[in-house]
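One structure follows; several queries about it will come next.
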Amino acid sequence: MQEVTTEKKEFVPNIVAFCCNWCSYAGADLAGSSRLTYPANVKIIRVPCSCRVNPSFVLKAFQQGADGVILCGCHPGDCHYVTGNYYTRRRMALLYSFLNYLGIEKERTRLEWVSAAEGARFSAVMNDFVKTVTDLGENKRLTDLRVKEGE
Amino acid sequence: MLKIAKERLNDLYAKIAQTQGLFLPVKKAGEVNYCVWSEGKEVSLETLKTVKSPKNMFFPQTENMMKFKTEGKNIEVIDVRESFDERKPFVLFGVKACDYKAIEVLDKVFLADPVDTYYQNRRENTTIVTLACSKPEESCFCGVFGIDATAPQGDVTTWLDENYLYWQANTEKGESLTAQVEELFEKGGEEEVAAQQETTKVVLESLPYANLDLSRFQPENLNELFDAPEWEKMSEACLGCGTCTFVCPTCQCFDIRDFKTRDGVIRYRCWDSCMYADFTLMAHGNSRNSQMQRFRQRFMHKLVYYPSQNDGMYSCVGCGRCVNKCPQRLNIVKVIKTLGGKNND
Amino acid sequence: MTKTERIENLNRLSGTDVRKCMKCGKCSGRCPAFKEMDIKPHQFVSMLGQGKIDELLACNAIWNCLSCMACVERCPRGVAPAAVVEAVRDTVVRAQGANGIKAEDIPPIVDEYIPQQLLVSAYRKYNK
Amino acid sequence: MQRIGVFICWCGSNISATVDVVKVAEAMKNEPGVVYSANYQYMCSENGQQLIKQAIKEHNLTGIVVGACSPRMHEATFRKTAEAAGLNPYMVEIANIREHCSWIHKDMDEATEKAIILVRTAIAKVKLNAPLMAGESPVIKRALVIGGGIAGIQAALDIADAGFEVDIVEKNATIGGRMAQLDKTFPTLDCSACILTPKMVDCAQHEKIDILTYSEVEDVKGFVGNFSVKIRRKARYVDESKCTGCKVCMEKCPSKKGLNAFNMNLNTRPAIYIPFAQAIPNVAVIDPEQCIKLKTGKCGICQKFCGVGAIDYEQKDTFVERQYGAIVVATGYKPIDLDAFNEYGYNDNKDVVTSLELERLMNAAGPTNGVLLRPSDGKHPKVITFIQCVGSRDSSGCGKPYCSKICCMYTAKHAMLIREKYPDTEVHVFYIDVRTPGKNYDEFFRRAVEQYGVDYIKGMVGKVYNENGKLMVQGSNLIDNEQVTIESDLVVLAAAIEPEPSVRKVATLLTASIDTNNFLTESHAKLRPVESPTAGVYLAGVCQGPKDIPETVSQASACAAKVIGLLVKDKLKTNPCVATPDESMCNGCSQCANVCAYGAITYVDKEFRIGGGKTEVRRVASVNPAVCQGCGACTVTCPSGAMDLKGFSSKQIMSEVEAICKK
Amino acid sequence: MKEVELKMKERAKALLESGEVARVVGWKKGDFCFDPSPATFETVDELNEFVYDYFCGANLSKYLIQIAKKEGKTAVFLKPCDTYSFNQLVKEHRIDREKIYVIAVECLAKLDIEKIKAAGVSVVTGVEVVDKDVNVSSPYGNVTLYKPDVVLTKCATCNKTHQVKDEEIILHQRPAREVDRFAEVVKLENMTPDERFAFWREQLSKCIRCNACRNVCPACSCVKCVFDNPNSGIAAKANDDKFEEQLFHVIRAFHVSGRCTDCGECSRVCPQNIPLHLLNRKFIKDIDTNYGEYQAGETSEGKTPLTSYTESDIEPNDAVNGEAK
């Protein structure tokens, strides 16, 4: 006879990462080829430039039950498209501050500049972000509860 | 007739809520809307007009119709009616005469063949406790539609004054609810109610909209009304928002949409508004492509199309919510006055 | 106050960022009181940067600086050596305490021609 | 109905060691829309590609997902594979299950689960992919070089030598630019004219080069490969085709008091003049501000004396419009205005000169015929003091925050030349830092100190004042911690350099971005240093940042290489992943154009049906696919969502998000 | 106010009679003293119904998008706050400036009938404003209210002045006054995240998604809104109170950020009285703090804060942390 364990299953957050093709995605590739680990719950979406990321993508991720959203782009001044990440910086500064204003935990959103050479940094950033979000727990404030219905 | 002191109303709510759901006007973030009662909620029976009408209780703004669960290439269809909470009986408390009449209007749509079982489920399991009006305001014109605001129908009718809530059961459902809560009540109140009705009627008759003339809104005038040149001017300030339709107790249009969940799709319906540019949008585009046409649709429906199909019953009940809530102050009364002939001048 | 706090205090009082200095010496090149300064204007900036404040507080240059602001005017980097001199001087003056100005001292010295600003400055300077 | 094929690569053991590739491939068979799923050891190998091709044909696939290494590695490979099998190459998506999965995870279950999600995400995306066709635009095989200094000359020569037509547009009456004004050049001390003028002549004689001097760019339309440029040819009142450069007119002209800009206004020239002896073209020009005939209608002496009848007082500005495939900007620099630096007394003392003026004072063709004489009294200066960093590295707002880069070297050159020619002259140099990176540069500077005994003083000058006809230079000697005052006969200021102001207009016309110091911005500071972000526009010389002659020439040749690389193509393949507006939803609000770094967005008026048989005209955005680089900045700026990016559409990205969040 | 109305009528009459304009946009009398509607007047006769009173709070600028497409020139009466919206619309090429004849009118703060009623006057038959007193007549008894208590929320913190190069101004311009329009925002910022969440949850859960805020908003001038566009990926017709209302309001606020002139119409028209302007003001405040003061609609040219940048802009993580003191 086995004892029924009531131990709570450890919370594993779902993280969506948007990476620009030229710096951060390449940085993630470098993290891979350098075998620098970070948790498997980080899934990367490739975008041409961080400025392609519409705030509605971030919200969509939260709506669909993501627990954290991180956006990575080239360092300011290094954008492959010259100025793209400058616009990203303004957009996300306003968006994140606004979400915080609505009471959404500010730690769930992050913007990081990761160059193609910063594989180690990419891995460190992801480890840190996953830890932060794990500590926060499940995203309940910005999720459409319907997506989890019937689960 | 029974009566209960105002300060004991909370006991009444608690008693009803013991056995069934109780929905009544609750003040939340400054506005009063129908909400499920629980201890500590700020009940506001005195509020003449809740922002949303109680139609929300039978025909919610959004309502799941079914679910599709997908796994790989398989799709499973789930009938969500099985799990309806609303199948359980509930009490709708504090419904005004106009809103009660509005439910009759909705019944003619949703309970006619083919029956809308979602609506039916809720409707059949509800006991409606109405509340007579004692302080009507200038935007009220229920009397025009033959509604007596001082004596609403319903399973139970109640009246409220400074001190007491007076209670009178009208139907079997009403009797059984009364039986459940009778111990809280004492007998009496006929005189007070009559007196209140008397005073209120005087006010009702003196209201500015009391004598609107609807006689011109008859099916035989349909074409003439439809082609009236005045529509253009009347509608020019219309924003095309859905405020009037969403606060309206009788508007019944809905749209059906799909929502993607993490493991499938939820098919739900939600209120739609004929004021919206994508209302009845079809593959070829929209049949009513100007705001004037959409504006006209709403009022023609309320005053001509619906009555012509429902024995002359208008689908406006004179609650005046649109009069109060239209951002640009357009409303059905202005339409009635403009197109309703000289008796309205 | 710890030494770090005193250095910070001087930096704050001067309102100038000594790290902006590129050590060109234009301030000292322009200083009309250069000869009288035992510590030269550029050294004020450099020494504050290095935290050598005991020497600064003990120097005579703070009394010889004319506060002509030539060094401020000429600095290509927007550093204000005179402000550092002023900050050191203020620190020394405040430490002396004795010549602090008190509210009751004011009425006899005020006449209608005294600008308000002077009074406010005097308070700022002597009353901390 | 979509028919998706999934191909999971083992990458030897690179993927298969931590990801159960068979399990992933099997799981994908269950995904809606997937009709084929396979795994193979090396998908990128010949055999692997063959497997894909075969599957595409056999199963009539409409899209494929390859679960393999990073798309940065093999996306192009698999696109070609698909294309070879008759599938549009943009119907391919890569799921990165190596760098982003197998290499970073150790637990097999975890990695396999993640791989499944990544492949599923790619499937979600590929279902929304649309076949894209790379557009083509023709390339006009002609280049425009704006600016006829050494940068423009070098670029033009290199491009022309490769066989392409080049036009040089120069706003002055001759090409040659700043370099023509220099006396000697560091670090070899060649005579500037000796090395520059042959190149000028080469340009003039080159059959592929057309020199348009005294001309300015008025308007630019079009895009890479296809620019249309309107050039204003200013009236020079001399028929260029007739003038032989005999200079008789210059001798006869009665109005001789014009300041000679070529000699930095240190002497005068007639109203009709040829800028300098070796000018190209060697053709006179009339200064309309100075010419008596043009101002009063009376005179006409030059016309009378001109043997070939080249003088034409009626000449008007004319315009030529030409088409180019590429444009090189080489607009050069000027020394900054020294009005803000009254401490050096430049405006008050004739004997305080800038280094560029000193070049002319030392040049054999200069106002003093090469004898160093000071401007005030024509005497030999005995004590000369140089002041460096005048207006450079100045963040106070008076000057420029950057280092002008060339001053240390030319100051050493001047000091050295003076000491060599006039050994009895005392030379002092006030410096902040001496910066001499470059081949043989520091050696050159050390020679000035060690061999020629130039006195370098570490410190800056506080003021220069005139005392009894002597220039007193008061400054710091930081090493000795003293204030020194040097009685000088001549003071030379190493004034900062800044981009030629006309670059602003050029930049605007080209939609090339410009930084706060008016330097043109390069596309990438390290990897694309000669390209402007605007496709087809290249940057040479100081217009992009301070640099000396060797660097300028290198950059000009680099530009030429880029231009040649562009012009040899008959057609340009354009990236099909570009922004595209849905005109029916566009408001024409112009926000997208505001964020476009490439100037790819313009607006057009279009007629739309609004129902009921009516139409209305609306202003809507239009993207030039040849110019758009596909960053997507505009798509986010667009509030109505009318702007979308092909290949990375909002719907595609959202479906990826959904797939990742799926349970 | 009556004199102003008279002057406005005269101007409108003169413009129509001279044929200088084909129509005038203003307000038309309603059934009560408090329900005028925006309207166009094409003939002098129609001007009989023209009204300008303390209830003409509607911003007429957005109507001009459609009206400017009509034949001939249109005169419009714009209040100070409306002129900002007008400029912004001109800047975004939504209105052809040439076709509009702007007559700027004094506002003096408009009244909110809901606030008057909430103050206990359930039936209103007349309203008269004398300085700071609002005299309300009612069959249930006359009441005098303090004007600042019953003005529209958008008027309470308004310090706007006319911003268009007017063809003319009717009445003097009120001098700019000191107001703290961010006080409410700061109050929210100072709450804990949980309190903020609870506040917005309660407010936004009232939303019935009638789109009045969007449809009245001069910055929401899209031909087709993303929320009506099934291809946008975020289209939705109804709010499901589990999430949708947040998505709608967040995205709407983001879309108008840098373009919102703070005209306050969103809050005025909300049938559930959700303080929607506090969403927009948060963006305005953040923009002011992080990128320098910016007032949308002050001019009809130039870039907005979100379509420009500086190389040393604040990092998002700092922007969020810096704010949560």
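Each chain gets a letter, A, B, C, D and E, in the order it is written, and its residues are counted from 1.
Following the convention adopted for this analysis, a contact is a pair of C-beta atoms (placed from the backbone, for glycine too) under 8 Å apart; a residue touches a chain by one contact, two chains touch by 3 or more.
Just so you know, these numbers come straight off a predicted model, no measurement behind them.
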{"item": "Joint neighbours of chain E and chain A, given as chain labels", "value": "B, D"}
{"item": "Longest centre-to-centre distance from chain C, chain (CA-based)", "value": "B"}
{"item": "Whole-Å separation of chain centres (CA-atom averages), chain B against chain D", "value": "68"}
{"item": "CA centroid of chain C to CA centroid of chain D, Å", "value": "47"}
{"item": "Rounded Å distance between chain A and chain C, as computed from the means of their C-alpha atoms", "value": "50"}
{"item": "Distance from the mean Cα position of chain B to that of chain A, given in whole angstrom", "value": "45"}
{"item": "Shared-contact residues (touching 2 or more other chains) in chain E", "value": "224, 226, 232-234, 240, 306-307"}
{"item": "For chain A, residues that touch 2 or more chains besides their own", "value": "55-56, 60, 64-65, 77, 83, 87, 91, 144, 146-147, 151"}
{"item": "Touching pairs - complete list by chain label", "value": "A-B, A-D, A-E, B-D, B-E, C-D, D-E"}
{"item": "Complex contact set, residues of chain C against chain D", "value": "20, 22-31, 34-35, 40, 42-43, 70, 74-78"}
{"item": "Residue ranges of chain E touching chain A (in the complex, touch as defined)", "value": "185, 188-189, 193-201, 226, 232-234, 240, 242-244, 246-247, 250-251, 253-254, 257, 279, 282-283, 286-287, 290-291, 305-307, 309-311, 313-317, 319-321, 323-324"}
{"item": "In the complex, chain A residues that touch chain E", "value": "55-56, 59-60, 63, 76-77, 83, 86-87, 89-106, 109-111, 141-146"}
{"item": "Footprint of chain D on chain E - complex, ascending", "value": "69, 91-94, 220-226, 229, 231-234, 255-256, 303-304, 306-308"}
{"item": "Of all residues in chain D, those that touch chain A in their complex", "value": "70-73, 96, 98-101, 103-107, 110-111, 113-114, 117-118, 121, 513, 521, 523-525, 533, 577, 595, 597, 629-633, 635-637, 645, 648, 650, 653-654, 656-658, 660-663"}
